[in-house]
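For reference, chains read A, B, C and D in written order, and residue numbers begin at 1 within each chain.
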Amino acid sequence: MRAYILRRLLQSMLVVFVVTTIMFFMFRVMPADPTTMFLEGGMTEEARQVLLEEWGLNGTLWEQYVRYMGNLLTGDFGNSFFYRKPAWDVLWPFIINTLWIAVPGLLLGAVIGSGLGMIVGWAPRGGKVERSGILLATIIRGAPSFVVGIMLLAIFSSWLNWVPGYGMGDPQGATGLMRYLNWDFAHHLILPLCAVIIFFIPENLLLMRSGVVEARTEDYIELVRAKGVSEGRVAWHAGRNSMLPLITWLFPALAETIAGIVVVEIVFSWPGVGRELVLAVVRQDYPVAQAAFFLMSIMIVLANLAADLTYSKLDPRVVYK
Amino acid sequence: MSMTFEALCTSLESKPPVRLQVQDLSVTYSTSKGPVRAVSQINFDVEPGTNFGLVGESGCGKSTVVKSLMRLLPDSAKVGGKVLLDGKDVLAMDRKALAAVRWTQIALVTQSAMNSLDPVFTVGDQIVESIRAHVDVSHAVAWARAEQMFAMVGLPAERLREYPHQFSGGMRQRAVIAMAFSLNAGLLLADEPTTALDPIMQDQIMSRIRDIQQRLHRSMVLVTHDIAVVSETCETVAIMYAGRIVEMGPTRDVLNKAYHPYTMGLQNAFPRIRAKGESKPPLISISGGLPDLLHPPKGCRFEPRCPFSTERCRAEDPELRPVGTVMAACHHIDRAEEFRRAALKAETWRVEEDVQ
Amino acid sequence: MKFAIKTVAAGAIGTTSLLCATMAMSQEKLGEIVPELSLSYYAADMGPVYEQSARVLSQEWAKLGLKFQMRPIQFSTFVSDIIVGGKLEDMAVFSVGADPDRIDPTFYLNNISACGQRANGSSWCDDEYTKMAEKQLTLVDSDERLKTVHAMQERFQSQIPWWPVTNTVYGILYNSDKWENVTNPSPVAAHENLVDPWLAARPLTDDRILDWAYLEDVSTYNPMSEEGATGWMRFVYDTFAKIGADGESRPWAAESWEFTDDTTVRVKLREDMTFHDGEAVNADDAVFTINKIVEIQPPTMSSRIGNIAGATKIDDYTFEFNLKKPDATFETIALTYLFILPEHLWADYEGDMANRDVIADGVAIGSGPFMFKEWRVNELHDLRTHTSHFAAPAYDGIRRLALGQADAIRATMMDGTADIATTVLPVAAMSDLGAQEDFLDFIEIPSHGTMMTWLNNKKAPFTDLEFRRALKTATARQRAAVEGWLGFAVPAGEGNVPRQTGKWYNSDLEPVAFDVDAARKILEDAGYGWDDDGRLHYPVN
Amino acid sequence: MSQSEMYRAPRGLRFLAPMLSTFRLLLRDRFAFWGLTIFALFILVAMIAPWIAPYDPFAPMMTESGRLIRLAPPSAEHWLGTTAFGNDVFSQLVMGSRVALRVGLVAAIAVGFISTLVGVISGYFGGIIDDILMRMTDVALSIPTLPFAIVAVGLLGPSIDNIILVITLLFWRNGARIIRSVVLTERERVFVKWARAAGASHLHIILRHILPNILRVVFLWVTMSVAFAVLTEASLSFLGLGDPSITSWGQMLNTAFASGALRTAWWWVAPPSLMLITLISSLYLIGRAYEEQTNPRLRERT
């Protein structure tokens, strides 16, 4: 087991290394150079060279690459061109904001999705529940996350006016850690979180449903029912067995879900890593964009690792060579 | 307040064996090609503490009968008639009452040893689940009971913490048996418990079941296609063919003095241990296959494969009639003696065109 | 089989060459066809206005027999490639903002028109014009300078290297139930100005914090390295002078100033000024700041401090600027830009001053009308009023919400969380809201921000003056203003200096009215021709 | 669709047979039927779009007095009202279907082609090639889709062809894996081993034995990638990174969002959103029902 984890870790590090390299060269090939913001104000050429020097953009591409990778190992993502302070300090507070909607969104989405999936999977085959369940899941899955965001905004924020549709808290709200632990923050969190949850439900539902449909024909289900346990408990046995395909899909699908979260952050002006990445790209702020990208790939690689580990917890038959 | 282990054991041991009465049981499956009467007009009783055998070729509907006793059939099956457990009709019970009866009154040992246990739960948890579903006991007490059951079937207690895939076929079947007796149900349904196992393991499992039965004095319905197993285990036996009981009665009488040609043919198809010196009888199989239950033949269902079939057999479906100590469903019961002698000869069964 | 193929091939070649010959004969008075021209403009990240304007303009230009390839480019790539990169292929339509220091015409006359200037993307180089450009910079006397500025516009108008299409109309939407006396900052955009409307506004209710719905463009509170949000920085760090609507610099931190000679400016400071930490402001602080800036030459300030040699103290409240060479724009560009840092907080700082993290060190302290309180990146900026400031506003603080997208700003204005909105929410939407809601008022700000058409003056057909004249005549300024900017822009004047800069604009330049037929006539007289499917051809030479 | 059924098909129809049988199979499933009809409807609308669009999508609607008709609610002349720039929403909507399908189909075919290529090569040949290709897929799988697209489009410029290129670069990876696993099972089939023993060349085996059998999975994957392509283009356009010179639905929503009209002009925001949902879910319906057909265990047992 430990050998397997080690190998997976090494593999993940290699993957992250390659992704970062790809990102590095992609930015360097970018036509515009980051001193653009100042050029419009008519900055002189020497001043521009001073800036390039300061940002480590001088020297050949290879030198820049080695310097960037060297710093990366020491956790230094370089200084942001725009904020002119370490990219990590810029991004650090945004990570928490993104996690506020990503983690609960992922979990609640998975729980609600698989719960519904179990119900739809357990319903009589070809029945009304099954058909409407599948249809609804497919339609929600078909809706891009910004369409879901816009609809939530239109209905709950502007028409019913129950929930504010922007930002993370009232301007004069509490600051520091306290800002996360008050009603006002929760009030602002509702809509973006719902958008992420809705974004997660369909895949979970459909996967759990097909798992349960397959599991319910197994012999052990008949024996469990013969034991006189409640119907719900029997369904739980089928559901428990269908968790495996779900997990193997759930974590690696983070690569797609991060896309959804980026769009949700833009629609609801939620100051997270995704929104900062889009702003950084538009501002040509390489280090922040690369750091944000690096974070997201790390999240995905960790997720894949987590999927492998939880897989063994869920399926005792899997033995790690 | 949940019961202690001792209280649990005494309450379970004091449970009496159950009387089973099956009246006019019939099961019809609705398939895309139309309704199929898999089982029609089954009637039999199982006296408390006795073992009742249900024998027949595979596909004759015996598993369907067992499953209908516990209402485990899929929704597409319509079940008619009555199944009385100590007088209470299982088929009429509402969902809650049915759940209460299952495993407390009537337990099941399934055929497929390979995946009759949930792969992602430990065996111990699955047994504990069956106990705690009906009795208010703590997990520890239920676990102790499970250990007791494992001891009964000769499995080491620490195996309870392991998963089904870590058990061999025989061990898995013994685990299921342990689970079946966990609440000391009055009636045990054993649906071909040894078919999936090799002969040695088969014998071990059957002898295990027999001595548990004696010790716990339970009633049992044993479903099998193996006449040898039935003859050693069950007091009474019923021979099923194409969804019907064709002969029923005390095992000794049915096997020695069969009245229905199918029973005779069935015996020929099984190797029988003879006293020393007796000539080794040739193994004779019954040619042909089960009738198509979608369009059951008008007359006797065994007619197409019966070497002694007559015009009347084709026209009229024989009723189960008592003869001597057994009951048989054949128009020519009176010619049984003649049929028995002919049945021993191989050529009788080599069906040339309609032998008269 | 092989023989058959050969004959067929021969026949084919024969017929095609015949065909070419006939073709050529009927068109022989036509020159080469004018190739498809690329039209670059800001992509969707700068909003839909540019797409609509480029489309409208190209529709009219196409009537001259031209064919366009639309090329939307993202803002930063556009600036670095086309404006400063010199990679303008054919034509471009883009706009420059209404910055305060562009009321002085130098940006239009020199930065984007004279030879060798970095931002001269249209690469027009006219020696006579460039000589005048260098001269106008040195004419400290404004009457003399005016004559040169007007003469330059005359020269520019005769050459038509590029031309403005519309001048942008900005807007302010504010909550009139909660705020009054929200003055108009015209011609400067609201987010770039200090006095109007920010210091003038007065609260009507007990909500004495002005909430401004905007976007996040502040990168740091160190004035030496902040470039994007110079306006916001000047809330915290006061400047010597402020530019008025008429283009003249008005006294601010500096009570008065005068040119003692061509290269020295004596400045008299106000005596009642204090920093946010209570310390008094005097000439020492000013001289220290200016000399430090000249010494370290912060990159972002390079374009405005190039001409300053240093500063010398005269007495506690007067000091002198020493310039390298006479600079007519000093009053309007440098004095309104340079700020005063507290010497007692910066004197003993060894590190690189330009990159000092002022918030971490707690030295975000200036002498401006507002004091720094808090900055939650990408969420909000919170400043409190510096009550002892000579022009302190009548309310307690200003808070800028970094919402960054129109829908959120609209929502905050409607539910009262925000009191004033200036950009991001399109001006058309602001005026709609102003009309619909009685608690919201809309102010129109005609500005000198300009949308202009650039041509690549190094490449045919733009090297031909007649072609440029025809193209300008066919520029649909009115349609661009109405259909592109939805009526929130006005057709631009003539020459290269916006009409809104007041006296600098040469109003007797003869106007070029929009007339496609006249444009085609100009091309015809210049020898251009059209083929059967209406495409324009060069004159035969 | 058993092997024998395929072999009975006349020589030329070797590739067509699996497609036809798949098509018949799909029509029997209720979901796939609706998915196919809706998708066919979209293709029809896209084809005749220029003729049914009453106005030029970018033409500004003027009153006689030359005033721009802005944000007008649905009326007789403008069935779906006008945008903040006075353009006719219905025309933009209809022309938008062209863009969506162009992006969807072109990208999906490219993605389908690459994933099949990679899947077949690595699945069939195995060994080093398989490892390299699979490591590449691992790397590609851990790149977050939209952020990569945002950076790439920001880099290449927001033209529609760049978006298609970026989508192809992004979505070949999942398909490669699925197709590889199917090829692995096909490769182990006896008749493949027999053909190999009989001296058939690799190419021959792949074309005659492997490819026809995996066509169904490829078809499933192509349907899914049409949906992914449409989804990604819409998201990119909504973020302001799309090609403004075309009228894709994502672009319409971006303009509406940037004009702050999201909450007032429902006639401008709702139609493109519904169009996106219907098109993408119809594709998922086809893909889903198809998935169910290929997996016997899921098939309804009556």
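Just so it is clear, a contact is a pair of C-beta atoms (placed from the backbone, for glycine too) under 8 Å apart; a residue touches a chain by one contact, two chains touch by 3 or more.
Just so you know, these numbers come straight off a predicted model, no measurement behind them.
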Checklist outcome for this item: Taking the mean of all protein C-alpha atoms as the centre, the chain whose own C-alpha mean lies closest is A
Checklist entry - From the centre of chain D, which chain's CA centre is farthest? => result B
Checklist outcome for this item: Per the C-alpha means, the centres of chain C and chain D lie apart by a whole-Å value of 43
Next on the checklist: Could you work out how far the Cα centre of chain B sits from that of chain D, in whole Å?
Outcome noted: 56
Checklist outcome for this item: Between chain A and chain D, the Cα-mean centres are separated in Å by 23
Checklist outcome for this item: Touching at least 2 other chains, the residues of chain A are 30-31, 153, 157-158, 266, 282
Checklist entry - Multi-chain contacts in chain C: which residues touch at least two other chains? => result 45, 74, 77, 405, 407, 411
Checklist entry - Hey, which residues of chain C end up touching chain A in the complex? => result 45, 74-77, 79-81, 83-84, 96, 107, 111, 118-119, 209, 211, 216, 219-220, 222, 225, 227-228, 297, 299-300, 302-303, 306, 355, 357, 374, 376-380, 382, 399, 401-405, 407-408, 411-412, 415, 417
Item to check | List of chain B residues in touch with chain A within their complex | outcome: 67, 70, 72, 75, 95, 98-104, 107-108, 110, 112, 115-121, 126, 129-130, 133-134, 163, 165, 176, 179
Checklist entry - Where on chain A is chain D touching in the complex? => result 11, 14-16, 18-19, 22-23, 26-27, 29-31, 125-126, 131, 134-135, 138-139, 141-147, 150-151, 153-154, 157-158, 206, 210, 213-214, 217, 252, 254-256, 258-260, 262-263, 266-267, 274, 277-278, 281-282, 289, 292-293, 296-297, 300-301, 304
Next on the checklist: List the residues on chain A that touch chain B in their complex, please.
Outcome noted: 124, 218-220, 222-231, 233, 237, 240-241, 314-317
Checklist entry - Residues of chain D touching chain A in their complex? => result 30-31, 135, 138-139, 141-148, 150-152, 154-155, 227, 231-232, 234-235, 238-240, 250, 253, 257, 262-263, 266, 269, 273, 276-285, 288, 291-292, 295, 297-298, 300-302
